[in-house]
């Protein structure tokens, strides 16, 4: 039991990952898919950050008062990954808004219908 | 100077992108910048190739930090092959882009188009060159994001949904890779690939390592359109602007295959991948299914670009098959096909791009009788098709020959048979188009269709010529690939 | 001591904001609540910096304040572009 | 210099093809180009023949695709024979084509002449191929280049016929022939043709049979049942094309390849030592009888000729598989004899169609009086098919028969007899009706001989058939070179 | 003037936040960033005429102090309605209020002030009216002919003088 | 000592205001009225917190940064509120008006 609890960060990660993944797969709404993707990515960020935690270490901002810091490398990496994630989200949402302009909907099934209608009418 | 080349080959297009953005008023300037930087990159790649063939490994360390912490760029035979493919294809295809995409991409997006193209290009090169696992992820995302942008610029509104689906699947794949890299970092405390390769074997058969491995396979599998994970690919290739399809089809999945090989052989090690995890028993059925099923699916496509896209999935199956055969010849076959497939698909997609440029569609009904109206373009398509089929004196033959050899080396005659059956199916789907192009009466169209402009036609024929050149002088590539395969096996 | 109390109070505020964010009912209610959550995070980071004697955290809270603002404007811009709110309402 | 000759023989048809394309809009220039090219090719091939007879073996290696896999040409007697047939018949066929195509006002004539030249290029490549890979490459080129010819009419039946044609030929070659080539390469590390065979020291027993089967059925152009279906399907083609298919290049390339594989890949002795190969022989024998029987039931003249071809081809395959020198001589001779005879028959059928638009045998009553030259040539061809002197068919059948007796293959002997009877049964009535029956229901009142080029061509080939009967020495000379 | 002020404030912002005043690389990056921001700001100004109430408010301490008091007062009022909603039920109101200001600058200051004070928020400007939502009807009534409207109108003149003096 | 007391005072007041605002957005009946509740926390509550913290840091760079934080919140808070209201208004979200008694609220 205590072991389970000591690994709680992984449980959080796994929980978030599943939430995000489920949303991406199950939601027919494109915006929600993007949000699910965000949650999914965020879970990985948390995993990295929690891995970098050093017992009794403080935030890795150099200061004369402290000697033990958390491992800064994962922070740096995840900063990059967050930037990438934001870019992905921005691109995804801009695609959604263009899809909305083109199809008048952001629902998966309605878009599919619209495309098959178009093919049918040809 | 030589030591800086690996960084330069990536930085040239990466720095050209913002310059391109500054001149965003004029697409022509963007185009010139794009073309010039692709040529410069190609020249650098050639210099590296010469250096490598005469000397040894080329290494470049960023920021003055020693490799385990700093980002390191390494060039060996394996990634040099990939760099040559990417820069070579770019150098040939980019000149055709401006003319080709003008009717397809909205004019206000054109400047952005070239920025994205450059970013995509530099991302692909970065993946190939970097020796750092996390850096690889970053470049993967740079190239992917710009690819999504490029695809979304397609004329048809379905380009948007195609780009969106690719974005979702691609991001999941990238995130999987990120997870795997994270676990590897947890286990070893390093991100440097060479360092990882040294440290991982001492871990033994840890559960976490297996998890990392699984995430890698699925993540990279998504990126390279491994058989059941390929669903994003057909639409993405079909609705992207045609020149983009040509560039991406020729390079993007190849680079992903490179990543797969790098992870399997250099990072996890052949010993772990094939003797402990037995990944070949996953790759084998997957590649066979890809080769057979998607080839059959290609038969029933009504859009030439979609047809070629499905064919691409099948061709990726060949590369995975080469890996799954777990012998040095098979690996060499995968690498040879990696190179060769870039040439064939580049030629084919660019030929289709030329047809789309004149006809405005790649639907088979619109291409009836195109052989008489665009004889040079159609002839190029036929030549590329012959290469896909694997006719001797084309590169396709060399690839298949090596694959069959590798299969026979394992004593798997049935596998050789499958390769031949797939070639037969390829004959049928290529022939369908040839028949339409040459032997079908064209529908009375009010607009007179002319031969493609030279700026597109010349790149097409350069690719076609390379299909034959490397099909005849195959030793240029096979020696390279065999060297890389020997090196990778030596590591394992 | 007082910093701990203040931090707890801020956490309560954020919790209530989350309640509103979940219950909606309109997208604007959610954005409003999320914005509030964000501004309180700014304050929380500042207070937490004083609590752990690391005033360097103030840089983070400035950064966060900016990000939060940009985020809210971006979301609103996106909602406006989607044009009718039904699209992202409950289904 | 000699090696250059091989290169010439390959380049000449290609140059001709380009010339034809360039002369697209000027029919006279275009046809002149075709004729000139074919004559030049004949000249080059004869030069090669003279060199070969002088005891030299010209060889040309173009490039090495992969270690042990080259694109390579070697002139040997068997290939020489085939090249001679193709080179002699091309000018004749061109002459005939001019008459036929103009007489019928066909469309896309440039395309026709262009692909014809390409097909000849393929045939010459097959003839001089120095290894299996080169053979395969040109074999496929021949298939692909003849497709536009087969579907020349462009209507739906032409298209569906073309699909069957292409489908069977491509799928057998890739599905069976290519694996066989790979197998040979895997065993021997080379695919070069060698006197005495490439594989004897590597294979024995059932493996020989399997490999032989892959070759015999993989070379679909040889038309051994059940892979014969492409030949009747290709009957949708214009007559000059049928002549090309049946006499000049395509089926000849098939049987020639079979003989070449038997002689230079297996070696006659290897196959002879393997009793199970008889099974393949029986396929050939069955084909001979079955195809003749089917031919008997066809009313369409060209279809009857097509099934006749299937049957005649299996004579050659049979000769190769009986595996004694006499029978191989017969097979080689039969390649030529059948070529000259069948081209005459097809030319005649085409001439009849051109002038009278008749396609069915039942319509031919009394045609001998309207088209005397044509029907005389037809008669010569029919004699050759049946094997009656003074036509060349007699000679080849004689050698085949002698070979069968020498090898104690009495079933083969029987088959030859039965088939001769059947041949007579389906050719004699045509000749009889043409000369002795009265034609009552003729609506096309005014027709006579076909255009002059066509008549000249078919008389020439009939003459060739007879000449071959009287002067077969050159051919024997070549065949003896094979055996030594 | 505008550019100078912007550059100055951005420079201060950068220096205060970075804390590195002698590292040439970081200072260089700062120069680049500031340059980029100014460039973007210039581009924005080319397309939109922007008025910001804040720089003007800093020049008018009297009004600012008054506004601060107003903010405190209205805060207290809203708090009262939150905790004692039974005895003080809210009366949400939407109203178009005629603005006494004549220029876009004055109107902007007024609308911004409305939004700054809790209890009222401006939607949009509609001719010389501003559409306002208030949580209490009296607060909206106050705006109609209250202190703030007049003060801003008075201020407008002064502000314009200053702007022209620049 | 005095500064500590001031810190206590400001932070406690700020906490109270924050919770008040949060309670307000829970309790108020419609979106537009919730905006007013939220704006309490953005203005007065944030000011109190920052003042309380400044009392601890005195005249230092930290105080400058704290003021910067406050300024940012004061600028962005109303701007965000305005953007929200404007977006909701243009999207056609109607405001609840009139006297809102508890019974009406329950019906809502």
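Every chain is named by a letter (A, B, C, D, E and F) in the order it is written, and numbering of its residues begins at 1.
Following the convention adopted for this analysis, contacts are C-beta pairs under 8 Å (C-beta built on N, C-alpha and C of every residue); 3 or more make two chains touch, one makes a residue touch a chain.
Keep in mind the model is a prediction, meaning the values are calculated, not measured.
A.B. asks: Looking at the contacts, which chains touch subunit C and subunit F alike?
C.D. replies: The common neighbours do not exist; no chain touches both.
A.B. asks: Can you list every chain that touches subunit A and also touches subunit D?
C.D. replies: Intersection of subunit A and subunit D contact lists gives B.
A.B. asks: Which groups of chains are still linked by touch once subunit B is set aside?
C.D. replies: A, C, E, F | D
A.B. asks: Among the chain pairs here, which one is joined by the most contacts?
C.D. replies: Summing C-beta contacts for every pairing gives the maximum at C-F.
A.B. asks: How many angstrom between the C-alpha centroids of subunit F and subunit B?
C.D. replies: The mean C-alpha positions of subunit B and subunit F differ by 54 Å.
A.B. asks: Could you give the separation in Å between the centres of subunit B and subunit D, each centre being the mean of its C-alpha atoms?
C.D. replies: The computed centroid separation for subunit B versus subunit D comes out at 45 Å.
A.B. asks: Taking each chain's centre as the mean of its CA atoms, how far is subunit A from subunit F in angstrom?
C.D. replies: Going by mean C-alpha positions, subunit A sits 29 Å from subunit F.
A.B. asks: For subunit E versus subunit F, what separation do you get between their C-alpha means, in angstrom?
C.D. replies: Between these chains, centre-to-centre, one finds 16 Å.
A.B. asks: Would you give the residues of subunit D that are in contact with at least 2 other chains, written as numbers and ranges?
C.D. replies: none
A.B. asks: Would you pick out the residues of subunit C that each touch at least 2 other chains?
C.D. replies: Expected reply: 59, 62.
A.B. asks: Going through subunit B residue by residue, note those that touch at least 2 other chains and give them in order.
C.D. replies: none
A.B. asks: Once you draw an edge for every pair of touching chains, what topology comes out, line, ring, star, complete or other?
C.D. replies: line
A.B. asks: If we use the touch criterion from the header, which chain pairs count as touching?
C.D. replies: A-B, A-C, B-D, C-F, E-F
A.B. asks: Going by the contact rule set out above, which residues of subunit C touch subunit A in the complex?
C.D. replies: 52-54, 56-57, 78, 81-83, 87-88, 91
A.B. asks: Under the stated contact criterion, what part of subunit C meets subunit F in this complex?
C.D. replies: The contact residues of subunit C facing subunit F are 2-3, 5-6, 9-10, 12-14, 16-17, 19-20, 26, 28-29, 31-33, 35-36, 39-40, 42-43, 46-47, 50, 55, 58-59, 61-62, 65-66, 68-69, 72-73, 76, 79-80, 84-85.
A.B. asks: Per the contact definition, I'd like the list of subunit B residues that touch subunit D in the complex.
C.D. replies: Touch list, subunit B to subunit D: 391-393, 397-398, 401, 404-405, 408, 416-417, 420-421, 423-424, 427, 431, 435, 438-439, 441, 471-475, 478.
A.B. asks: Taking the complex as given, what residues does subunit A use to touch subunit C?
C.D. replies: 28-29, 31-32, 58-59, 61, 63, 65, 93, 96-97, 100, 105-107
A.B. asks: Could you list, by residue number, the parts of subunit B that touch subunit A in their complex?
C.D. replies: Contact set of subunit B toward subunit A: 69, 134, 137-138, 141, 145, 148-149, 152, 157-158, 160-161, 163-164, 167-168, 171-172, 174-175, 178-179, 182, 185-186, 191.
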